[in-house]
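Remarks on the structure that follows.
Order of writing sets the labels: A, B, C, D and E. Residues in every chain begin at 1.
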Amino acid sequence: MTVQEGVLTKRRRRPLPPLGFIISLGFLTVVIFGAVFANVLPIDPLAQNIVDSLKPPSGSHWFGTDELGRDIMARVIFGARTSLVTAAGAVIIAALIGVPIGLVAGYFGGWRDTVLMRFIDVLLALPNILLAMALIAVLGRSQTAALIAVGVAGVPSFARIARAQVLTLRQLDFVSAVRGFGCSSSYIMFRTILPNILSPLMVQVIVLSSVAILLEAALAFLGVGVPPPTPSWGEMLRTGKSYLYEAPYYAVLPGLVLTLTILSFDTIGKQMSRALDPRSGGGTPGELERAGP
Amino acid sequence: MTPLLNVRDLACRYRVTGKRGETHWLHAVDGVNFTLDAGRTLGVVGESGCGKSTTAKLVLGLQPASRGRITFAGEPVSATRDSHWRAMRRRMQMVHQDPLAALDRRLTVGEQVIEPLIIHGLKGGPQTPRERALALFDAVGLRAAMFERYPHELSGGQRQRVVLARALVLDPELVVCDEPISALDVSVAAQVINLLQDLQGRFGMAYLFISHDLKVVRQIADEVAVMYLGRIVEQGAPDDLFHTPAHPYTEALVSAIPTVGQRDRKRIVLAGDPPNPVDRPAGCAFHPRCPRATAICRSEVPPLRPVAEGRLAACHLVPAVSARSAAA
Amino acid sequence: MLHPVPGSTGAAPPLLSLEDFTVAFAQGAGRTRVVHGIDLTLQRGEALGIVGESGCGKSVTWLAALRLLGKRAVTTGRVLLNGRDLSGFSERELADVRGGRIGLIFQDPTSCLNPILRIGTQIGEALRLHRGLTGKAAEREALRLLDRVGIADAPRRLRQHAHELSGGMNQRVMIAIALAGEPDVLVADEPTTALDATIQAQILDLIRDIRRDTGMGLVLISHDLGVIADLCDRVAVMYAGRVVETAATQDLLGSPRHPYTRGLLAALPSLEGPRVRLTPVGGTVPSPDAMPPGCAFAPRCAYAEAHCGNGIPVLQPAGTGHLSACRRLDALMGEWQRQAAREAGRHDPVVQDLDWPNRDRQRELSA
Amino acid sequence: MTGFILRRLAQLIPVLLIASFAIWAMIFAVPGGPVGMMVGENATPEEIAAATRKLGLDRPIPVQYFNWLTHAVTGDFGQSLHSRDPVTKLIGERLPATLQLALVSILVALVIGIPVAITGAVKEGSWVDRLLNGWNALALGVPTFWLGILLILLFSVELRWLPSASRYVPLWEDPNQALRSLILPGLTLGLYVSGILARFLKASLVSEARADYVRTARAKGVSERQIVGHHIMQNALLPFITIVGLMVANFIGGAVVTEAVFTYPGLGRLLIQAISTRDYPLIQGCIVVILVIYMAISLIVDILYAVIDPRIEYR
Amino acid sequence: GATASAQALKGGTLRIGVLDEIANYDPQQLSTVNFYVIKNLYDSLIEYTADGKPVPSLATAWKIAPDNKSVTVTLRDGVTFHSGTPFKADGVIAALTKGADPARGKNVYSTMAVVKDWTAPDDRTVTINFKDPVPDRQILDLLQFLIPIDPKGVETVETVPAGTGPYLLESRSVGQGMKLKANPNYWRKGEPVSKEIVFTIFSEDAAATAALESGAIDMVYNGSSRSAARLKNAGYQVFDGPGKLVQVFRINSTRGPFRNKKFRQAFNYLMDRDGILRVGYAGMGQVVALPWAPASPAFDASYTKTYAYDLEKAKALLKESGLTPAEMQDWKLLVNGSDEPSVRISQVVQATLAQVGIKIDLDIRQGAEFVDALLKGNFDAVFGGVGNVQKFPSRVATNSIYRTSKNPVLKDPHPHPDYVAAIAKVDTTFGSGTDVKASYDNLNKVLVDESFGIPTNSYEVGLIVASDKIGGITPDMDNLLVARTIGFK
């Protein structure tokens, strides 16, 4: 007598995704394309031309040049690489640490839950940016450090999502059923529960990607991110901010690209979670995952 | 002959936190005794929250009991998750209420039927896991073509068949069914009831069949136990028990069932709500709602004792018969 | 008791009637129709039962009739209350009808009450809206209502919240709220499904008593024929968004005239009589967006013939006050009568097991 | 209730102990110490040694931690190594500034967020809703530091209406000056938070609107307006309190970026400065204060929640 | 000289934007962050005019003994400390005692190295004795550096100012700024002009200049050359004092390829000094190849031409060094991340090096971490400004890289004995004859030959950018902020 019976026996036609989603996807594709193929493009983010410093956008330099006469657009394109690599690495780290923590805490409960969640609470109580800065202080300033710092800041959100999902799933009959077959705890955690929470975790990956990009940029903006001369959006904003009078485009254009990237991730993440929430008429987690077959 | 399942003085309590943060003990199951022979069906009925599901979990060793002893085919059942416990899983299985919830939406139903075999490392043997699963698909009346489907692509009845096939794939001796048809439509429920009976006829496993629907229990069970607030208050053959209930609670329960056939039947409507298991009434737990309660009911807990041929009841007002005649 | 057959109107118009009522849900670009043209009437003071399988449109029909389904639901046809069409009503007028003329109660009483408002506030709201009562007068009336629905210790209960009351009590509160507007009809959508057997009996008794005292009409939606049989004068059986049979309760239970109704009855286990093997109706209900052509029940029907697939059967008289929508009605009625005579006293399946995938194996198993 | 609060307070202690020890241990893992900054880059080894001894940094770390702890429990967080001022004084100067900014930002966020959420929820699916969704996405997606730059560019560089660098002026002392200073950072931060609040509130409004009791209210004949205002809103606001509380808690140390853009003297920037100068007592003090406030706010939120929502019990 | 124009100025509240939080009020911990308070809260014994002429301050007269082994100072009468204590010899002695204490001496300690002891024959006279004869200019530098401290307040001088200066501390809000008010008992007549100074700390140059432009402040002290250049064009007054710093590419010659002298010398040609000056300092300052400001007696402009940017010469030297390309690359350029010009010019050098095939990484560090690396000599190379370049040439040795003993970077024994000898020569050549000049020339030759420090340019420190309403700005030898003469036109 469940509603789902009626709904799920037939797969419904899904409406076309909204325009914003398509634009976002398009924009991200361009950014990712640029980041991946930056090396083969005929651009050099490091080539200095001190005589031509701080020139406004023109035919030869679409985004203008920076204080060392480097092409801002080239730096924005290579900056995408920095941002995306850092964000991707950070999200992977966050997931690799956070998900097992959440799984163990949620599945076993008891003292393990208490200990792990206290740890997560501490991480959570410290604002992300401070946590990341503290870690960078320990690790020294480098891309790896930024990546780890942003990753650790993302651990709590993965842990909590995983835990919350486990807590609901653990109650479900199909998990009890698998448990009833006499399998080990790790089998249930990693073979039964984990695949079932992959979809919400995937959404979290997308959501966290935008958070990670933002956090990475914020760190660079505060001067502790990926060190120069490696191009980085946040660093460009940081430097650009001190040339607001001479060269307003310097801070504005990279900021625009950064903002659009974040917005795109956000839009895509939202669309995905809408697709995951059956109540908003998308489908079931299972459906999204197997969109292929 | 030792019974397949022997439950003695089983009890289980949960710790619950009260309104002001104080701890209470909720006695979900409180001294349950019964036996179940191989190949037989024991039906358990009772209102919501009376401890049916808890009993089921205790019997399967999915949850530790706070008191009592369970033996399965002569071996004690414990809830410690050791290799013995795991091995025991092969011999006892559970069927849940909502078949959709009991299946992993992410795996094909075929994979899920095979899963227990994989977990128990039963990959070799005379049949491959796939052959074995297909044979069971056949037995529960599913076409082999459905093997590759996902749970949401099946109907409710078909899903429950998958759940049954999965429960049977390890060849268990006991299947605990916790309200296996409550989530199904009337017409589909009938299919599953029939199937359960047929499978028992073919494979000979015992059922512990839990339901709040007396009519379904009567249809399927060889013996019925009526639970009230964590205890069995009456037990016996279904027809006898439902036609001539001995315990006042059973009587009220039976009379409360709206039936198609009889209109304007005299109903015993119990006053009040089912009591809170956190603060059990003293004496007979049923006394606050019992139309016939007397002083002794308020003070003394009635034991479950034979009251007629093959019938047990826990009520002070029902005269006991001698142990000998009960055993006959 | 005899009821006028719809169409053969008596003197006064029926209290409530649906005429060719359909409901569809907007689904992406298109629409899925879930209720396909229903004709039903309810006389003043009558108790009408609606039965049918899950998803057949029992709830949707009545919610849509009162426009409680939101914008995604699109209805056609007419809903007449005392002869006036509700579809022409403004939101304001409709608000007066809801709770004022037609009271509603639902399946899960606890979730149907606002969790953060006191019981008293929620009853008071209905009293204010429909009877203009506030303050002391409202409180007095609320106490009376709680008393009426059999809640002891009413003054205290008024100050409590839904989660502090049991399910049965909450359903009583829901009834009290429904009664607050002194409606002409109570539409009860599976009011006891979520409740225990003993509590269900209490609620059914309560509804019966109130009806006896107030003469209020009742539409009782349930998938449990037993519950309907207990309370209703007349029953409408729905299948896949249509009414397939309607008759006085005794008549319908005693001599069902539609294969689906017969199947439903045969699939029910019973507490009485000898234990017999149940006869399930094979297959499943078609989903609203994949309706078979012709009779929706035909694919599951043991008596179906080729022409059942052409054209939708309409309700036709099958006795006094008895309507059934089956193309083979005449043929089957004769057959069933003969069969009944032949097998009087024996308990045999009424319908054959049809869509059983392994019918042969099944026989072998049961042998 | 008292028991509940006491229990929650007791839970605070281990968290603080663990956190403070972890931080203490961590800051010693950090390269560079406070001495260099104190003695300057041209200092001689003698000066360095003398300064190290003076700060007690030559003692074993557990001893230092224990020293700190014994003082800290009496409320004495020591002196800043850098300015030699008591840590409590330094924090005490920054905290009101931080709270003031948090207050203004939350007000901005509420003023923008609540109407956006309600309109979006009431008109769900319409073009207005889409527009507001877009607005929300923008509010969330635009990095505060970029928005801050744009605002400065517009209001300070171009129009010269407002100062580009904000100062802390207590609102009650000079409201005009204080607001001039707070308006840009408050807007920057508030806009971002309004996005979070609006999204959250709308989601809970929409999900509450689907709840059964709303259907009951309609069936009772309650008007649509009252259903939104009375039934849905009240229920949706409950979880909303948590979010607002969390946001405020997060502002205490987490508004660093906005503080940096507008050079606002908040607690976050004090901490960053302390980290950069390796001012150990100040780092510890700041973090402990941030943690305590965070937990205090979440405790207050929990209590509020339990007081308002009849379903919640104190645990 | 300022007094005359001060007459025409009006007092009032002077609102000054600064970029640093002061470390403390100790006048002996003189670092750029304290530059804006020291000369306002304290007075030194003597002062220099912009062209290096000593003038009296708290000392009314000073007499250097003929053997250059002592100096006798006569103290001003009628001066009181802020606490009300009269200024006497004990105030000078307190400062001398503190300065000679390695634990408390701070910046003064190294300058005090030449001092043997001191005596105070009476309240108004102090005689300072030296271990060895000390050149005149170096003695004057010491007197200019010595700031009398209230003997009662010497212990708490870090947190409570204890001077005789023209202003009193009124209030301070850490991280935000401070307020000074005029010292009513100040001994210089008619000064201070402005009755109140409000310092506002801006974390960024841009914010400070924006505040100046919006009229929220009257002047910015110690802002960047870049915004000064921009504001100058916009009609603001820009004052650069004589106390410049010289940016030096400091090389740790004890490490890796830098042990190779030819390799180091190549860097003399690898510095695109013009580019560095433009990118780093908006062209404000001069390109230099020696660590001297133009005001320094050792200043020699010819070196700048000789060692101009020349990749070919550099390549030739690199080749001569005999190092393989792989050996040349294995190092990092340490960068002070808190200093924007350093970040920029380090990137310029990085790019230049890439052109001659040397790929290096930047090791950007902030705050304590950077100072720590600097103090421990934990780097291969780093840009760092050196001070005291306008004073007696051997004062350059107070900068860590140029230190002759206990050099934290080069360690002991000093790897460049020629340089140590050259400094000693300068220190022991008295008078003003040709031998003095010769000792300077020798030092310059050794500096470029050893090449462990490659000066690139001089740059402004303590730049003052003021609105046109402001007048009466007095230059200071060290470019400290001297606010007592500043007022409104």
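Note that in this section contacts are C-beta pairs under 8 Å (C-beta built on N, C-alpha and C of every residue); 3 or more make two chains touch, one makes a residue touch a chain.
The structure displayed is predicted, hence computed values, not measured ones.
Hopping across touching chains, the smallest step count from chain C to chain E is 2. Following the contact convention of this document, D is the list of chains adjacent to both chain A and chain E. Of all chains, E has its CA centroid at the greatest distance from the CA centroid of chain B.
Interface comparison, A-B versus D-E: the higher count of C-beta contacts falls to D-E.
In terms of their C-alpha centroids, the spacing between chain A and chain C amounts to 51 Å.
Once the centre of each chain is set as its mean CA position, chain B and chain E turn out to be 89 Å apart. Spacing of chain B relative to chain C, judged by their CA centroids, is 31 angstrom. One simple way to say how far apart two chains are is to compare their mean CA positions; for chain A and chain D this gives 22 Å. Along chain A, residues 1, 5, 9, 137, 140, 241, 244-245 each make contact with two or more other chains.
Contact of a single residue of chain B with at least two other chains is seen at positions 155-156, 185. Counting partner chains per residue, chain D shows two or more touched chains at residues 30-31, 152, 157, 260, 275.
In the complex of the two chains, the chain E residues touching chain A come out as 204-206, 209, 226-227, 230, 272, 275, 278-279, 337-338, 340, 343-344, 347-348, 350-351, 354, 362-366, 369.
Considering their complex, residues 18, 20, 118-119, 121-122, 125-130, 133-134, 137-138, 140, 210, 214, 217-218, 221-222, 234, 237, 240-241, 244-245, 248, 251-252, 255-256, 258-259, 262-263, 266-267, 270, 279 of chain A touch chain D.
Against chain C, in their complex, chain D makes its touches with residues 211-213, 215-224, 231, 234-235, 238, 308-311. Listed in rising order, the residues of chain E touching chain D in the complex are 21, 23-24, 29, 31, 102-107, 109-110, 158-159, 173-176, 200, 202-204, 206-208, 210-211, 213-214, 216, 338, 365-375, 384, 398-400, 406, 408. Residue ranges of chain C in contact with chain D, taken from their complex: 63, 66, 68, 91-92, 95-100, 103-104, 106, 108, 111-117, 125-126, 129-130, 161, 163-164, 174, 177, 180-181.
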